[in-house]
Amino acid sequence: MDNLMTNYYDSASMILFGVGFMTLLLNNNLIKKIIGMNIMDTSIFLFFITKGYIEGGRAPIYAATQSQSQNFMNPLPSALMLTGIVVAVSTTAFALALTIRIHDAYGTIELDKVIEKRGLQNEQP
Amino acid sequence: MKSLILKEVNRFTVIIIYMFGLYIILHGHLSPGGGFAGGTIISAGLVFYKLVYPERSKRIINKDVLMKSICGAITVYGLLKSYHILHGILNHTAEKSLSQVPFAIYSAGSLLVLNCCVGVIVACTFYSVATLFLEGDL
Amino acid sequence: MNNLKVFPIIIILLLLLTAFVMPLIKKRKGVFFLSLTTVAATFLLSAGMLRTVNLVGSYFIKVGPYEAPWGIAFHIGYIEALMALLFTGVTLMISWYGVYSIHKDIKEDHIKYYFTLVHILLAALLGVVFTNDLFNGYVFIEAVTLSSCGIIIIKNNKNTSKATFKYLIMSVLGSGLLLMGIAFLYAITGQLNIIAINNELVKVAASKQNIVTISLSLIMVGLGVKSALFPLHTWLPDAHSSAPTTSSALLSSLVLKAPIVFLIKVIYQVYGLEVIRETPIFSILLFLGVAGMILGSVFAIYQKEIKRVIAYSTVAQMGYIFFGIGLGTEMGLMVSLFHVFAHALTKAMLFLCVGSMIEQSGYKYKDEFRGIGKEMPVTLGAFTLGALSMVGIPIFPGFISKWYFSIATINANQYIFLAFILASSLLNAVYYFPIVINGYFGIDNVKGKIYKSKYKPIKEVLPLAVLAIAMVMISGYSSVLLEFFKLGLNIK
Amino acid sequence: MNGINLLLPVVLPILAAIAIPFLLEKKKEAIRPFIIGTVFLNLIINWVTISTLKTRMYHIWTLNDFIDVFLQVDELGILFSLLVSVLWIFTTFYAIGYMEHEKHQERFFAFFIMTLGITNGIAYSGNLFTLYIFYELLTLATYPLVIHSETEEALYSGKKYLIFSFGGATFILLGMILLYTLTTDISFVAGGLPILETIDRDQTLLMIYIIIFLGFGVKAALVPFHSWLAAAMVAPTPVSALLHAVAVVKSGVFALLRVCYYVFGADVVERIEGNVYISVLIVITILLGSLLALHQDHLKKRLAYSTISQLGYILLGIVILNENALLGGILHLINHALIKITLFFCVGAIYVVTHKIYIQEIKGIGRKMPVVMWCFAIASFSLIGVPPSNGFVSKWYLALGALGAAKPFFAALLMLSAFLTAAYLLPIVVTAFFQTADEASETEYTVSKYMTAPIVLLTGVIVLLGLFPNPIVGYIENIVMKLM
């Protein structure tokens, strides 16, 4: 419990991850699924970025006038997460486009109704 | 979107938005900003224009133009970037041309061209995404 | 020598560049020509890569100006070079086949985008195989996911939309878990480069046993979703059966395999076998693999659509591969890699055959293909070869890998699993042979309906023939391949 | 030459089989001389190969210690391949006569010839793995023959055949893998692998032995796995004859000979007591085969069950593990092949001419088709083992072997089974000759000479072998001496 409190950002991102995961898996609505996916991705970004965070550190911008003794934060996780965000954005866009298509085809974005409309002939045993 | 005020305001604000975007793209290697940010701003202008003048924008910026500009920009970007990557590997030296001079647009080697390409790509992509969601087709 | 080492980077750049030239071309023939020549060029470059590895041994190459722990690096060894050869070769054959058939599946003006996607897909797959950086691997895997979703959805109908959405959701789930696993690894080692992580990990592994287990299981499940580890395979049959033929072949033979190679890299190069043996991961993989190879086949028996039969057979075959990894020995990993080869070639051929059967006859249920062997002897002949390989008739690669799996099982003292391997091959026979037998000897259902693939021009059947020959060849050279894989695993 | 001509007996028929469809597109009449030419050429090549060959081994494809496909000539292989080649000639003539009015002739003959090559491969296999490959191929090549008529029933039987065969092959593979991990060598050495003498894991060896025995036992129609044989009777008669007399079941028996005496060796089998467990199954096989045969009215099925029981004799000869018994077993392998093929030919001839397949339908047919039925009678007496027929010779040696091993129970079993054989074969002869037909029909039955000639010739061979068994007994004695 103590560990959970001291590493509160880790715990927070884990809780967020759980929330996103459950939304992604268990929700019936396609849009909510996409929202869950985004929550999940965001929690991972948070988790990653906190790994580069140093208490009292400053932004890693190098300038000749500043003293070298000061702590910089690790810029690598942030840079990586920028890439991650781009990936997440494109995935989201793709998923939304797909949702539009499904809505056009079936007239609903509830997954169970989609399956109902398709009939049961093609579902796996 | 048929309001006269909107149409008139749109005429000159769009120009300003484009200018702003261009500025950010062109100075991307010197100050905060760059191809992505500038491209987003330009695409915002494009979408704004499209909202007010749907027919005209559809005529001018059709699917063909969008695809061609995206693909062309990516090709140029790719060629330049591959040159850089291969150049860096084969010579075993970090790129010297990356040194930039404040306020001089023609510094930092080919970074300017890369930024422009990214700007085109991002502007066109966001515009086409918006169009897709608005109209269902390019 | 240095100039030879840049081949992998040239391959990926070439593919990505040509991908975006494709939409600018007006004529269909131009697209085909560009695509085929590019993929053929990458095939030759991969062969050159293998030769380079032969000359200088495995090597690292930085991508961009920065050196390894900071910048991205590729690692090229025997495994990577051989996989590149496999991937480019199979893609070449599939696109060659696609040249003659793709316009029947998708719209005319989508063809150029299709080949764009194929090029991006291939580049991303090769990136996954080459990379020596975990995060870079993640990005490439995402690119694989998106482009493979693209090549499914391009056949625009109701089924594909739903199947693609299912695939997308599962994949996103997988990549989320994968990224989380990488984040945990980064948290305890502070590195993303595979070699650097390994150096750090051997120091901290003993004290951070839990995190090692958690991160590894996250990565395993994440990659398992992508390559259809048994209980996570639910997206696969839908996606593979509703996609256009060439896409099914690509998905089944290549897209599933790249994460496997990545997983083997993670297992062998990031953690090392010793660290993982402390955790229960291997036994879990073993059980899931066995469950996959038995239940995948059992599900396949009950399928009615012929494409779904083959899709479920893929689940079973992936079960073998995970089983080999789960043995937790070097031999097991080697055989898994060999099975990747065998299955990629065989399954590509099977899907192409089935696709052309469906396309010519218009049927899609397996009972409807009675008597098709009389109308399309060459296609069904190739299908038969593939089926024989799947069932494990000697001299075909399916048998060779089954044999080596058995040896590896015995060497790992897991005698009981022998029975499962053999039972699974019998189950394969149960659903492949009826198709073949009905095709050749069944009461005619398709008589006079088909447009006679007997008279198909030879160039359209040639890709199938090349795949068949390659299939038999690799069983002939299996010992050489295994030797290469062994060398490839022993880096450092 | 490096022994490459050893490939010829295997490859030539397969190539000929592949050539048939191409040949047929040009000229339909050419098929008959082509097939006859092939089988004769095969016999000649076999003869030339084994008499002139210096290197007696040819590696086709070496992958590693295990996956090493090579051919090797030894006396047992020569015996088997010559038997096969000779009987194939008779069957070819017979099949040409029999198949005259059937459809898909080209397919039939293509697979027919291909089976010959594969059976030669089985005869010349140099290790267990090669044997396994040809064994699997044999299943695949004979399958289209079994389902030749393409009726529902044929397809069902074919399915049964495939399931049983592949199940058996899986057992063999399992045993082979386990054996390989113990010995790292599975080539055939007369008298058994020397390394096995030193391995003292009796329990494991016993398990492997039983697994492999059951695996090959499927083709040799060992009792729990015998039902495919009766089901496969839907095939055309030449195929049934082949399946039962020569190619398939005899391949199973031949493979068992290889396993027992060339891989394990008599001493090891005796040490691990593998023969004890197996002999229980064999006793059941002999009795059950005979008893089931009694109940069949269908002529071909009666012969099929008879085959099961007769194969039991041969297997008994293999597991008693002494010289006389083995001699009797190998001799019975040959004799039974000759006798059973004759019996099937006769039944097939009756079917072709009269379309009668049940015993009660053939009343009085002996008078209409005297040649065929006389041959049938002679072969029946041979199979029962009435002296001086050849069946008597082999059973005599078997009984000697049983007594030599101090197992008089087996000798008694042989006697009992001989009575049962008489009980199910003689009624056919009696019905054919001594009962009068229900309705007197005036139609004259003429049998094609393509069919009569093989029957008569084979009967001649049977009689000759019964009268003068010594040359062949001497040859087999040579083999047996090396093995014990």
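The chains carry the letters A, B, C and D, assigned in the order they are written, with residues numbered from 1 in each.
Going forward, a residue touches a chain if its C-beta (ideal position, glycine included) is under 8 Å from a C-beta of that chain, and two chains touch if they have at least 3 such contacts.
Since this is a predicted model, take the numbers as computed values, not measurements.
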Centroid comparison with chain D (C-alpha atoms), farthest chain: B
Maximum inter-chain contact count - chain pair: A-C
Whole-Å gap separating chain B and chain C, where each centre is the average of the chain's CA atoms: 37
Interchain centroid distance [CA atoms averaged], chain B/chain D, Å: 81
CA centroid of chain A to CA centroid of chain D, Å: 69
Chain A and chain B, separation of their C-alpha mean positions in angstrom: 27
Residues of chain A engaged with two or more neighbouring chains: none
Chain B, residues touching no fewer than two other chains: none
Multi-partner residues of chain D (each touching 2 or more other chains): none
Touching pairs - complete list by chain label: A-B, A-C, B-C, C-D
Contact footprint of chain B on chain A as seen in their complex: 93, 96-97, 100, 104
Complex contacts: residues of chain B adjacent to chain A: 129, 132-133, 136
Complex contact set, residues of chain A against chain C: 17, 20-21, 24-25, 30, 33, 37, 40-41, 44, 47-48, 51, 76-77, 80, 83-84, 87, 90-91, 94-95, 98-99, 101-102, 105-106, 114, 118, 122, 124-125
Residue ranges of chain C in contact with chain B within the complex: 2-3, 5-6, 9-10, 13, 16-17, 20-24, 61-66
Touch list for chain D against partner chain C, complex: 61, 63-64, 66-67, 69, 129, 132-133, 136-137, 140, 143-144, 147, 150, 155, 158-159, 162, 166-167, 170, 173-174, 177-178, 180-181
